[in-house]
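Multiple structures follow.
Heads up, the next two complexes both have subunit A, just with different partners, subunit B and then subunit C.
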Partner chain A sequence: MSGDVKAGYMRPLDLRHGRVELTHGSGGRAMVQLIRELFARHLDNAHLAQGNDGAVLPPAGGRLVTATDAHVVSPLFFPGGDIGRLAVNGTVNDVAVMGATPLYLTAAFILEEGFPLADLDRIAASMAEAARAAGVAVVAGDTKVVERGKGDGVFIATTGVGVLPDGLRLSGDAARPGDALLLSGPIGEHGMAILSQREGLGFDSPVASDTAALNGLTAAMLASAAELRLMRDPTRGGLAATLNEIAQASGVGILIDEAAIPVRPEVAAGCELLGLDPLNLACEGRLIAVCAAADAPRLLAAMRAHPLGAQAAVIGRVVEDARRFVQMRTRLGGVRMVDWLAGEALPRIC
Partner chain B sequence: MNYIDEFRDGALAQGLARAIAAEARAQREYHFMEFCGGHTHAIARYGVPGLLPPNVRMIHGPGCPVCVLPVGRIDQAIRLALEEKVTLCTYADTMRVPASAGLTLQRARARGADVRMIYAVSDALALARAQPERQVVLFAIGFETTTPPTAVAVLRAQAEGLKNFSVLCCHVLTPPAMQAILAAPQVHLDGFVGPAHVSTVIGTRPYEPFAREQGKPVVIAGFEPLDVMQAILMLIRQVNAGRAEVENEYTRAVSREGNRKAQALMAEVFERRDSFEWRGLGELPASALRLRAPYAAFDAERRFGLTYQGVPDHKACECAAILRGVKRPADCKLFGTVCTPDTPMGACMVSSEGACAAYYSYGRHQAAEGRR
Partner chain C sequence: MSGDVKAGYMRPLDLRHGRVELTHGSGGRAMVQLIRELFARHLDNAHLAQGNDGAVLPPAGGRLVTATDAHVVSPLFFPGGDIGRLAVNGTVNDVAVMGATPLYLTAAFILEEGFPLADLDRIAASMAEAARAAGVAVVAGDTKVVERGKGDGVFIATTGVGVLPDGLRLSGDAARPGDALLLSGPIGEHGMAILSQREGLGFDSPVASDTAALNGLTAAMLASAAELRLMRDPTRGGLAATLNEIAQASGVGILIDEAAIPVRPEVAAGCELLGLDPLNLACEGRLIAVCAAADAPRLLAAMRAHPLGAQAAVIGRVVEDARRFVQMRTRLGGVRMVDWLAGEALPRIC
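What follows is the complex of A and B.
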């Protein structure tokens, strides 16, 4: 009889065998349940707990920096990380390399009908762990569900907000001839980790993604008081794309030294096998910095003192060049251009 | 990396550069063609031109599999994918080669064609096994390096009785192309840096007529930059001594007789076509392969009744002259303007082994410095 019915009772989500259903995105009780039992359970903080449509944030005490990034990685889980960790670190890094201290993130999830809730739970847990490690809170979010076949499991878009110290101006157009170019660590690990997992490659690699939040490293670099012009994280397109962006924006040339660029042997070997160039492979936990040449030793020391910069190196310098070319002195002693990659990173056939 | 770093050693390269500079005679020019795209790529990627004296000039040859593939052959592949609705398997670089009507295999895929990028012939066989209701066609391109695997795929398909697998065979042969280049009137060459991987299969013997009968030195070289520099030094020594021989710099992988097992596989499955169109070199007799009669059932041209229709290149495109070594990439009006690696007009701009793409991506800085 009616006396046995518990008001407001809902069977808990089946996080072991359950799957995402269209109702999880339709604004009803199922959606509220998904948010409460899955997302809010992991990403728990006072802003989310209020359950409002937006988060009210206190004054941050400076200019705000914001950045947004959509994540569509395949596979969703890869050696060294997953899409959740990547979605946090990617946006934290975009804010951090502007010189700002990242404070808050928002996250939007586009889920495909049928996606296992167990996988979503792992992804949310991983996001929470990455956010804690980076010292940021996920303060607002959104969930949408698309029909089966119209997504690829899960897409995550994140937006970050950080606060910029007074007087600091870092910008891609600030590189000047004579400046030094520094790199925080070995390149290409995220790109190689993903490639090795792609179907059809039949390629086993011990390489793990380098995904990491860089705000601790950037804070240490800023604290060194070196005269920084800019920082960038070389993600898609790799070091080659990032250097070309800087050369274009600053109206300068860049000359790098191949022998100075750290590349792990596993990454170099994978590139040999697949006919790829490590300069074109994505990093998710590295940054490059341009600073006044005289300050390079000080900045390098600050980077090397941080765990994420232990293998930092000065890899080149900014030069005058109206053509805005990025060039590289090869190990062999010759000089060649370093260009943007055209199309995808496709293996050569023979 | 073991066995790699040794062949890219900067100190050794400087030593070779000094030897080349010392032995190249200042009063003459040396024009050498590296036949293979693999060499073109190595030369550009490691900045080898900057280590050579100005009178030693490297001319990029036609040994880039996708560069020599004529538009008509890409059209055939696109037709199979779009009209016959087959699953078309291709090696990566081929995806972006411009074909007729503004299409590429990549654009055909965007229009709904089932085009798969594969890394090995076994991927194509696996697709055929996995979807018996669909026709699976391997777009088989390349020189003698990629031909033996295609032979293996055909033999395996026959042994397994795979009814839905066939091969659009566009395999081409190296020696006839070298012969065609030597026969072209405008091309002056003092010698060849001979193929690396191709020679592991065919050996060094097939190059002997070029030395013996046509007086052109050939030095077979590996694909590492020090291999190429060593080969250039060996060529200069031959030229200076008035010798014309086939020498083998790549002894760690190449013998005079080559890989006899691979040769036997090719001979079993393939026969020479009477003639085949090459981009840049035109119709060359006995220069390409097709499946022998006992394997006709696996020949996509026969299975789908394909006819070949040659298509002229864009009028301003200089790929033909560049592939013959008559012109350099920067001599082409389209180079770097409407034709770039992002929007290639000609095939030489598609593959990273193509002369134009290698020059655009790695070598443009030399133009303003007055170098090659």
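What follows is the complex of A and C.
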């Protein structure tokens, strides 16, 4: 065997013109090289650098919270973000809305043969930036490659681990009649950013995804000492799906006020054009919170004091309703049902 | 809106003839139904039943270990297992070989539109059975659906969380010259099971995958009080890749003895037919261990006393070698290099 095939002597990856090959997923030297020269270069941290099958992490010192998400968004790059940023923020948010402090992420990549390494490099860089911004470390990863036509560029499954403050209990079934419902900012921006890219809508100023890590905002909300029942991030299915989930789980009704729900004009315009309801569009950097009514002003103030909650609003309240309906008082003064989006799918929004 | 589209009144999933649809991944009622009637039915446990974005878990009381793996094996069903069983065992093993006790798994599914629900049901049942056998709970999950032709049936990314006993430190860089190298059983069965399915080899008795959860075996090994340096499961890339990784990480050479390495005759015959080396074939239920030479007999006895280690053997030793070569004394008495598999990929073996 000649020295030039030993790991140290391989030609470096061509990050400009190279492409993902099946050997990059086969457990051999090419995979080690991809991990070292691409993923580890961006995502480097002491845990990942252990180079073992798993990462050893210090004791978390409390109850753990874990959440997982596969990300299959199409297109991979969109105004305001990309699949890498989304994969980090989405899982950070799932942990954060449980009331936990996200600490660690793992990332498993499913790459399609032929995918440009330059794009993968951009995605890894974006994940690293998002992880730094959120204060989490990507501590373990995995890379698989599927043949051309058996995937779609890149899918990323991220899992988050966080630690929950003692005594805190937030849960989707904790909403009670009388509680206030708060929303942290305008809805539908992520969904519209994706759809407008897909449909090739030529907005003058394209709608950017709201993708953001919410753990700073949730920490500020917890610090407000408001009596929080639950928090949720309205992603797939939008606000409508999230509110229906809460109504189902808590055995309550929810009444929201259309005039109170912030929607950016570009999103509203795009929805009119596409025949969509902003209530069904995914957010990736917003949350809703349910709290005791008396604590709503205090919670709202805490949210507004945070950059990601500057446009927070009380948008409705929890009501008694054995049918578990979500309803909305419209701008015209009527009341209409807010249902889950039924047939029409908005696939691969995240 | 009429009551019959409310969650409680939907027609049940047709688990015999139904297929995955894009709406099953869109965050609406169809997704809730798929999760409830298929995944939760099999994987039910108190954590998963919380029904929140993430699962709340009790304090682990020690250092954590986490590991993640995307599974893209093709075919999805093979002698001895399927992608579901593999996804559970693979991640349990990555946590177990770190010396940790695996406690929790998360599972993220990427489904292709049109995939038969009956197959998905079988896979979920198989995951549940494997999780029960390994003593772990699947505590959180996610389901995404991609359009026909943008995936390949089902991919599953699993992440494991475990807890590490105080004071234990196993790491790939811990092997020292003089240490003994042990293998828990015959190699190459998983790889051969997949390849023979793919190639349509008509073995009289087909080789079954060795997929198994190794946490019982690793616990027995740790209990033996042998001075363990590291454990590893030789999956993708086989024993050859794993040994080269250890040699690289530890800055040592490794010398193995061909005659000592158990290989089932069917695997050896298949390798001859396909022109493959069993050292490059994936195992999914075997591990190697490096320990202080003096402790090898004690460790070997502990391994052999466990059903998954009945054929365990000392297969070689760690040697001083600045070139970090892995070499093998052959049955004929010569010594040859054991390299990573270079060009030829064995894609989608796990």
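The criterion applied here is as follows: the second predicted complex is superposed on the first by the 329 of 350 C-alpha atoms of A that agree within 3 Å, B and C clash if a C-alpha of one lies under 4 Å from a C-alpha of the other, contacts with A are read in each partner's own complex, and residues count from 1 in each chain.
Basically, a contact is a pair of C-beta atoms (placed from the backbone, for glycine too) under 8 Å apart; a residue touches a chain by one contact, two chains touch by 3 or more.
The model shown is predicted, which means the values in this text are computed figures rather than measured ones.
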Worksheet item: Touching A:269 in the superposition: subunit B (first), subunit C (second), both, neither?
Response: first
Practice prompt. Please indicate which partner A:12 is in contact with in the superposed arrangement: first for subunit B, second for subunit C, both, or neither.
Written response: neither
Discussion item. For A:232, using the defined touch cut-off, is the partner it touches subunit B, subunit C, both, or neither? Pick first, second, both or neither.
Written reply: second
Practice prompt. State whether A:259 touches subunit B only (first), subunit C only (second), both chains, or neither.
Written response: first
Worksheet item: Counting only touches as set out at the top, which of subunit B and subunit C does A:167 meet: first, second, both, neither?
Response: neither
Practice prompt. State whether A:327 touches subunit B only (first), subunit C only (second), both chains, or neither.
Written response: first
Item to complete: State whether A:337 touches subunit B only (first), subunit C only (second), both chains, or neither.
Response: both
Worksheet item: Can A:144 be said to touch subunit B (first), subunit C (second), both, or neither?
Response: second
Worksheet, complete the sentence: Going through subunit A, the residues touched by subunit B and also by subunit C turn out to be 337, 339, 342-343, 346-349
Practice prompt. Can you check the complex and tell me which residues of subunit A touch subunit B?
Written response: 200-202, 259, 265, 268-269, 272, 275, 277, 323, 325, 327-337, 339, 342-343, 346-350
Discussion item. Under the definition above, what is the set of subunit B residues touching subunit A in their complex?
Written reply: 1, 4, 8-10, 13-14, 17, 38, 41, 44-51, 65-66, 91-93, 95-96, 117-120, 123, 141-143, 145-146, 197, 225-226, 340-342, 351-353, 357, 360-365, 368
Worksheet item: Tell me, which parts of subunit C touch subunit A in their complex?
Response: 1, 5, 7, 21-23, 25-29, 31-32, 50-72, 74, 93-95, 97-98, 100, 104, 106-110, 139-147, 149-152, 155, 157, 159-162, 164, 170-173, 232-233, 235-238, 241, 245, 248-249, 282, 337, 339-343, 345-349
